[in-house]
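Heads up, the next two complexes both have chain A, just with different partners, chain B and then chain C.
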Partner chain A sequence: MNTLLILIIYGISLGMLYFLLSSGLSLIFGLMKVLNFAHGSLFMWGAYIGYTVFKYTNSFILGILIATIVVGIMGLLMERFLIKPLGNNHMYQLLLTFGLINVLNEIVKIIWGAKVIPASKPQWLSDSVHIFGNVLPTYRIFIMIAGVMVLIMISLILSKTKLGMIIRAGIERPNMVRALGIDVSKIFTIVFIIGAMLAGLGGAIAGPFLSLYPELGVDQIFYALVIVVIGGLGSFIGSAVGGLVVGLTQSIVGYYYPALSMLITILLMLVILIVKPEGLVSLRRRGRE
Partner chain B sequence: MKKLLEIRNIETYINQFHILSGVNLEVIEGRATVILGRNGAGKTTTLNSIIGLRPASSGKIIFNGEDITDLKSFQIPNKGIGYIPEDRDIFTDLTIEENLLISSRNKKTFSERKELVLDLFPDLKKYWKYKGGVLSGGQQQMLSIARALINDNKLIIIDEPSKGLAPLIIEDLIKKINEIKKTNTILMVEQNFDMATRIGDDYYIIDEGKTVHQSTRDEIINNEDIKKKYLGI
Partner chain C sequence: MNSRLMFLKNNKNKKKISIILLFFALIVFPFIVNSTYILSLVIEMCIFAIFALSYDLLLGFTGIVSFGHALFFGLGAYTTGILMKGYGWAFVPTLLPVILICVAFGVGIGAVTIRAKDTYFSMLTLAIGQFLWVIVVKSRVITGGEDGYHGVKLLFDNNRLAIYYFMIVVLLLVYIFAKKLINSPTGKVLQAIRENEDRAGMIGYNVLTYKILVILISGSIAGIAGSLYAVTAGSLTPALIHSNTTMHAILMTVIGGMGTLNGPIVGAFIVKTAEHVLSDITQRWMIIFGIIYIIIVLYFPGGITRLKIKSNKFFNKILRNKKNIECFEKSSEEA
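Moving on to the complex of A and B:
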């Protein structure tokens, strides 16, 4: 029983990390219909920037803040100068973001080298806590708290602010939002920045947990895509649900049958694609006709 | 009589398809103008060209004395045009309140306009906190109209308001649109001839992407040849 409880806590913390990774991707796709394959690379850049700032300032929180801001600025530049000029051509967007993976990875190699860097945790997050006689790393709890805080904050923005209402409306009917006199392209830019910031934040938090290497982003984008398919493309809450489902599956299955962990995750995605192709948290609700 | 909207010989393409090839019409302030025509004649595309969702590739669209042909789609409604689309296009994930809040262009006048809109559509008050997706078809149509009325627009564009609605609801809708007509200029596309003639003052028929006929209500009701030739009734 104690083992299962610990596995669930581990699964939730992994799920929250996956949520931080995939929520920005899902938001961007939901509103702009841009599947940003370079999202994983932004996540990786967040990890490297967070690590570097922490190394030179000894402030882990400052590292997270600066990583979030810098990756947000990278998102702004990407959207304004690369994605926007392509208009609505989704094939070009796909090719562009694929190409960006290579560019961003190569720049990382030039700056930080190609070797794996074991990013360290701050002292205050390196301890453990005891729960029902089991040892639980503090950093796992920190990831959970950070994930829940982001979930609450973005959910509040989406549900309580006019910007959030416009984003939700734009995900469903962008043309109607334009017909109301709202400049959707500005909203696209804002959402792309928010999505990139979430990737940067997730990366900075994940760095000490996953270690740093130039292919980190490529490895993680795969999980992010699985999560958004399970949760529902475009649904912010869906990415939290998808993250938790994948995190718990990997934690529990990975403990009992490590070799089957990935297989079960993919099978889960396939079952959801067959039974509920719109994902667990569907965006569209039908009217009562 | 002031011309509020003037469309001069517009041509519009959707991808490679030449949908409009010479639409001309005028909307007089304070009157209801109705566009009639068969399915696929180009009526909805005409409205979409006015609102900028399908920009015209040539011709002119003059609104309130200003050339709006080349404005971006989000700039056009801000000139004072409310648009009620064919399929209502309400935001199903947003509550009635949120649907109206994001439609409002002026925070200061929202409360005042809200009262006016809720007096016209009391059902919306009843379901104020309900999401758009749980409303019936008729209620969704009311919400779609309310979204256009929440701003003090000079022109209300309505695309096929009767589409998919039961006859009893259509009756109610005719009354509501006639109420709106008392204070607003209306441009409406409608396939239901009975509904069209109970609302409109001026009529245009579009056929194969061109304006082919213009008349008043009495003329359109009594001209059997035109009705047979262009409307199939």
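Moving on to the complex of A and C:
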């Protein structure tokens, strides 16, 4: 029983990490219908920048902040110069973001080298606490707290502010929002920046947990895609639900049968795709569109 | 009018002559260069041209974006490799299981995703491709894992000249097949789906069936390309299934020109040549292609071959104007 409890706590922290990874992707898709395949690479950039800032300034929090801001700026540039010019042509946008993975990976290799870098945790997060006779690293707790904070903050923005209202309206009835005279293109840019910032934040937090290597982005986009399919593509809450489902399954199955952990994730996705193609949490009610 | 017809006829002749010349050049090519290295490069080009051609059937002719096309390539390569080395099969019989496996995967992926949305197909192909990659890396006993699978018997006892001619013939056959396919009624429906899926459905075509059909045709061709790779390279690595290999196919197709049959072949030629030239200079040659690719997607989505077609059209226009003026002058003289 104690083992199961600790596995659940591990699963939740992993799920929160997955949530940070995939929420930006889902948010961007929900509003703009652009699936940013380079999202995993932005996540990787967040991890590398966070690591570098931490290495030179010795401040972990500053690292996370700067990673979030820099990746946010990358998102702004990407949206302005690469996504927007293609307008509504989603096929070319898919092709473009997929090609961008390569460019971002190669730049990482040029700056930081192709070798694996074990990113270190800050002193105050490398301890562990004992719960029910089991060891729980503080870093897991930190990931959980950070994930929940982001979840609450973005949910508040979405539900309480005017911007959030426009975003929600834009996801449900984009044409109506346009008809009301709201500058949707500006909202697109803002949402893309928020999405990229979430990736940067997630990456900086995940860096010490996953260790850094140039293929990190490609490996992580796999999980991000699985999670948004399970949770519901385009739904912010869905990415949290999907992240938790995948995190819990992986942590529990991974403990008993380590080899099956990835297989079970894929199977979960296939089952969801067949049974409920719109995902666990879908914003649109069936038959409306 | 008569002179215009003559001109067209002349143009057709020119095309015929250039095709014959190209063939002649391809036949004598090995005797001119006489270098195994360059022959190997051309062989690799042919394999990747077949792979890119299969990708173009999906992307360029039906408008389906797949990010896991390398999974078919890898499936073909590993199936042939394992059957030949592990079970002592000859090369040609392995093509049957390769096609069967690729068809099974194509139908499976297609059936699950196509109904949902096109984006799902891109996502799922990427996810399944990466998943398969992990499986190949992890199952060391069967596939050799990260170290790769070595010692597959080479075609024609590695006689590069024979392999060269063989590859040219296979590429030609695939090209002819693709051309027949896209000019057939089925091919026209596929292009209609690319132009407007809803309308194609409303006319009464079963869009789903056609899409799955093209997925499994293109998957099988990619599988065959993988098999050919296995018997010419002799050793296989999991990198064949990785999304980077898919990226190669996309690069070739997009740089050459989506929706043309010459495009992927030209693209394969350019990318492979540049790969061999640039990789001597810098390890990070992919970044150059990444940037070129992005510029092409943004500004010249037609690719390189389309640029040529456009310039041809341009010249034709000038010529036609000239002819018109001549005709006009003649008629005014007569008057």
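Operating definition for what follows: the second predicted complex is superposed on the first by the 285 of 289 C-alpha atoms of A that agree within 3 Å, B and C clash if a C-alpha of one lies under 4 Å from a C-alpha of the other, contacts with A are read in each partner's own complex, and residues count from 1 in each chain.
In this section, a contact is a pair of C-beta atoms (placed from the backbone, for glycine too) under 8 Å apart; a residue touches a chain by one contact, two chains touch by 3 or more.
Note that the structure is predicted; figures quoted are calculated from it, not measured.
After overlaying the two complexes on the shared chain, residue contacts for A:A179 are found with chain B alone; chain C is out of touch.
Once the two complexes are laid over each other on the shared chain, residue contacts for A:R168 go to chain B alone; chain C is not touched. Of the two partners, chain B and chain C, it is C that touches more residues of chain A. By the touch criterion stated above, A:F98 is placed in contact with chain C alone, chain B being left untouched.
Shared contact residues of chain A, touching chain B in one structure and chain C in the other, are absent. Residues 162, 165-166, 168-169, 171-173, 175-184, 283-289 of chain A touch chain B in their complex.
Considering their complex, residues 29, 35, 37, 82, 85-86, 90-92, 94-96, 98-103, 106-107, 109-110, 218-219, 221-222, 225-226, 228-229, 233, 259, 262-263, 266, 269-270, 273-274, 277-278 of chain A touch chain C. On the side of chain C, the complex with chain A involves touching residues 63, 65, 67, 112-113, 115-116, 118-120, 122-124, 126-128, 130-131, 134, 138, 242-244, 247, 250-251, 254, 284, 286-287, 289-291, 293-294, 297-298, 301. Those residues of chain B lying in contact with chain A across their complex are 51-53, 72-78, 83, 85, 89-94, 98-99, 101-103, 105, 131-137, 140, 147, 164.
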